[in-house]
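Some structures to go through are shown next.
Shared between the two complexes below is chain A, which pairs with chain B and chain C, respectively.
Now for the complex of A and B:
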């Protein structure tokens, strides 16, 4: 084909300039994917609005930029990163910091928690757990249309590896604080691999934070294997500044009778695109995809969900809500695919957005493709203003209009937040969302990281 | 307490209230009865400041102030309460948070400090008992998934929490079974003090068996066409509204 776009060209060049260094710190197996992925990326390029899945999102604002560095760490970076601590009260987690996509410790790159769960650097795991990596790496993050996934596979340098052995139930959540900090404009990509064996259970919290004021762009891929009867919850909290672009692709593959949920909480960011792929790959699996975003000024938040009912008797739900102020724009694209033979499927989708101004804009696109007959599917989307009847009801009890509006917006958002099962995090999200809606939330005050 | 003089109002250009005058004194219970479409709910809407009703003529004075100039939330803080005919469900807003915000807004207006969490919960508990509302309802979102009866009880509970000077109950009895009706009425009677007043809007006389009015008005075609003591309600129950309609029509002809 002709026409490799200028912006795609940038990243082809970036690959050529850095691939030697990147390959140098990765395992042979992970490196074996790179050349093929690079070719695929060359073919697909950086997605444009012509790509159905990116119809409402102009990626060029962040991709068409001359990032000074493709991040590769030096030792001093790690020392800084080790100091970061999360300040969510009562939130007791196994904390991991990821700095610009790297597991930032010099020693102890892979550690075993008392429960037997392994956490650490993907690069490190690639040698220590070669069999597991070879079984799962690159098996779920697949796309025939999205070049960004291939760009990640071609160049990803490190990321988090989590291994939960069969039957292990981890009560304390694992928390990844995903930091971006650089002295210059920076593009970074990381790759996480999470393997949850049969009948095991974990919750994972990922907090995305950009600490430096420079323009940054992250293109991250997370692959999750949820074994038979296993249980997995992932909650992503994004509180970034306007100069931060964050593209995440999360692939959750589920085996028989497993349950999984994903919750994307976007409080702030310059450009946010979260793609969540739920692959119901075994009889009786259940998945829930939630999302909440609050956007103002010129922010843009795009949630893309793909639920693939590949086996019979699986259940899925999607609930995405957004509050858009000023000139902010949002998009929701929810696809449900029910494959031939996936009888007894239940699939629900709901997307509700509130526009607070005439200039805010929300695009929603449900996409149902059903190739089985014994299926219950429903979808509903609303884009509107606050309910004036509800507003009056509150006012009629003496609550002033501003406060009443806040309460309604908060109530609207809380319907998503209430699905977070980790209580201190749920309370914190309630609190952050309330402050954010009140407009008295500065980025620093809300940051879970204390960078003192 | 409340003086309405020659009130005329319309909704979307259609004249609904055609000159209403009413004088409610402290401690009085007024019942407003009348057939469907006579303007009962519109009158309630005017009193609580709904913006879809346009006032075309007349005055409403409440505690010496011009009520029509006040914002809805200020009317509430001045002591006016409406028990809604169709209470709204508000998912995601908890009853506790809703009532706490409302009570503290009222306190702020009176120059009082906000209630402490424990004092507030104590107050909730007392008022719940008073109106025999199920404890669990208070832990849920406002009216969400409540039955018709629960919604009406919840209105009375909110009234108990906010202790209004003038409460307007808009067809609070509609859709209630006899037990719920009794609970709602008992709640009202417990809240009743010598210095607060009620306007009870209803179709039927049966609520007035429990809440005994001092004055009964019949509203018909946007006007109060008859005012009498509590015995008027019984007469209406017995004879229906037709004789009043006839009387009115005869008067016009005469």
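Now for the complex of A and C:
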């Protein structure tokens, strides 16, 4: 495309206005990426529908907006965040509250959990764990086509940093509650880095909430390094209001014999785009990607998954399901790439969607790109409605239609939920989904901050 | 065992292209290059009416504003349109009424290809329109068909004799603005076949067009228009070959099909253009726009294709299901061997109510071949009860080839049921072992498995073609199992 679009121009300007301030608070190493990423962003711009990866998502609804502020944290902001408590019953976690993606400064900026795991601010870690950061930062989040990733690299100043030393097995999951709170329409970007060394194991829960009614847009990048024999689970629970735009890019790099799973549960949100990149970078690695979304009104949910089989004997699976109501639109874009030489690959992908109304729309684009012959790959995609025979069966046994529909939809969604390994969270999700399907719930009921 | 397989594989995949000869026919060519004058010259040579020239010029001017698309999963060398001869015709073509008027060299060519131009000798009823380079040289069984009111002739004749029909339907399915190569074709198309089946007529024989590229440096741009009026039925075949040459040649054709109420059209292709040599030199670029419109209620269009030739194949035979209860089908076997590339599939656009479509695509990659399936199933808002089933399987023979699948599904109606399934695998060692155990050699076992794999599609072909297709499949894959 020739010329730079107006929308892109807006963000180029934003960079120019803020870069000095951002660079001032960030470490030298992180700053060293900025200029290059900015150039790349200038070249690629904000993705349009002409970009294959964004073919079904119109970002302009959120990007072509005059955000009054670009979020950079001030001490006083964090006092508000501290008040927030998430109370999922029986869920025992190491809780961390983030404000607009930033680690609260009033606590220790970087603390060590009893088991030896470090959690804290990326910015802070850049000095304390300089060697780790230099080894991993910016190594996995790469893209030749997606300008948003470069925009993040160019401007993001902080985010969460987790370091799990070799052999540490964390039994309690880490829960990050990511709050979006602003007095004005706000754009924010954060950058997370998670390093799991050899034979270590953690589960991470990320809950996204919006506290303020203003329009907000988040463009977050998370890089994860999963070492040899290590184990990593990430579960994202997204429950935001219709004015919230959330773009997440998660890059999971796996070494030999490691396993990783990603689970995106989207209950509510204005514009949601979750890109998950699984890079199987060692023999015998295993990855699973799950996603469930329930969309209504004018919401748009887009799940993008890229599984890159770069080494032999790796296994991957994908399961994505969606229920679309009202005028909601959904997209699924899943790609399995088997590189030359990645023999013995097993890769599966499944995407099912249910349309409940005539105005709902679903676009799916599963892809297989295979350059090795000793592989078993398959994908299946369906778009349809509830099975009328199943519905009839239930009705014939005295269950009323509304109830029967609910049961079927719940069963449909549960197939994804059952892959959550943390039991209290799984029960909670079942419960939330049930309420959501009944229409009782527009946002997280147990959240103490009653946002309207 | 493993070694044995590799050896047999390489033997199987190195089969020679049988149709690579060149015939020395006296040809009339225009200078190479493309300009408005060339477009005018082609039109003048064919003594076309003013409206057609206008159509060509309109297309040409539009083409100048277009750029070649870059989205396919193909590596295409740059094409220099000024180096292509856009019109080449065998000489002596003043009203071919009997076979004697045809250049004997030319007749020999078709005999060699096994295409009967002589009606009496031919066993079953297949009417052939033979197209060599830019023009149609002979249409057989024209008279027999005319008795039933069926029009089957070259496109140029149709322009002269049935201008109303041509005017009415040409460009109605593939508009001149459609895509880069369709627009180019609209500007410079030379000849092709025209077929009209009147109301209520069931065409008694297979209609067939045979395309042959003969001259060097020429591009072939033919256009086929097939109209099935209400309650009619026709089965149409298309075959093609070209001489072996080191340079690439461009073939950019358009096929348009219109099916009116209750009509049924079956269109089968066995595409065997020269695929290039083992190092990937030469071969035809086969960039074709094929589209059928199910215009009336209960109409049906079925595409069957066996793609074994061409250096690069880039085509998507599509159906626009506009009439209520209409049906679209697509059955395809695409083979890529050596350095061949294919990006092929279909588009099913559901517009009418209760429309149905079926897609069965079987890709076979061997050698360094890259085979992509790209398909779109689109259900529009008013297409209540639309139903689609897609299945695309890929078979990999060898570890340097690639198989790719890019299905697009866009659903805008809640009553639609759209299903897509794809698998990719190689021939299982257990399958080969099972055959070996029963005394079937590895080579035969592979042939057996590949044929079984493609059977679902081959079964859809008319009988004579099915036999040929099966043989072709074996030749194309000679030496490729591993």
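To be clear about the criterion, the second predicted complex is superposed on the first by the 441 of 452 C-alpha atoms of A that agree within 3 Å, B and C clash if a C-alpha of one lies under 4 Å from a C-alpha of the other, contacts with A are read in each partner's own complex, and residues count from 1 in each chain.
Convention: contacts are C-beta pairs under 8 Å (C-beta built on N, C-alpha and C of every residue); 3 or more make two chains touch, one makes a residue touch a chain.
For clarity, every value in this text was computed on a predicted model and none was experimentally measured.
S.K.: Which partner does A:398 reach: the first (chain B), the second (chain C), both, or neither?
M.R.: Only chain B; A:398 stays clear of chain C.
S.K.: After superposing on the shared chain, does chain C or chain B touch more chain A residues?
M.R.: Between chain B and chain C, C touches the greater number of residues in chain A.
S.K.: Name the contact category of A:343: first (chain B only), second (chain C only), both, or neither.
M.R.: second
S.K.: In the overlay, answer first, second, both or neither for which of chain B and chain C A:390 touches.
M.R.: first
S.K.: Contact-wise, after the overlay, does A:365 reach chain B, chain C, both or neither (first, second, both, neither)?
M.R.: A:365 sits against chain C, while chain B stays out of touch.
S.K.: Looking at A:269 after the superposition, I want to know if it touches chain B, chain C, both of them or none. Which is it: first, second, both, neither?
M.R.: neither
S.K.: Quick check on the complex: what are the chain A residues that touch chain B?
M.R.: Against chain B, the touching part of chain A is residues 387, 389-390, 392-401, 403-404, 407-408, 410-415, 418.
S.K.: Applying the document's contact rule, which stretches of chain B touch chain A when the two form their complex?
M.R.: Counting only chain B, the residues touching chain A are 48-50, 71-73, 75-77, 81-82, 84, 87-88, 90-93, 97-98, 101-102, 105-106, 109, 141-142, 158, 162.
S.K.: Flag every residue of chain A that touches chain C in the complex, lowest number first.
M.R.: Contact set of chain A toward chain C: 52, 56, 340-341, 343, 353, 355-358, 360-385.
S.K.: Over in the complex, which chain C residues touch chain A? Could you list them?
M.R.: Listed in rising order, the residues are 71, 73, 381, 394, 396-426, 482.
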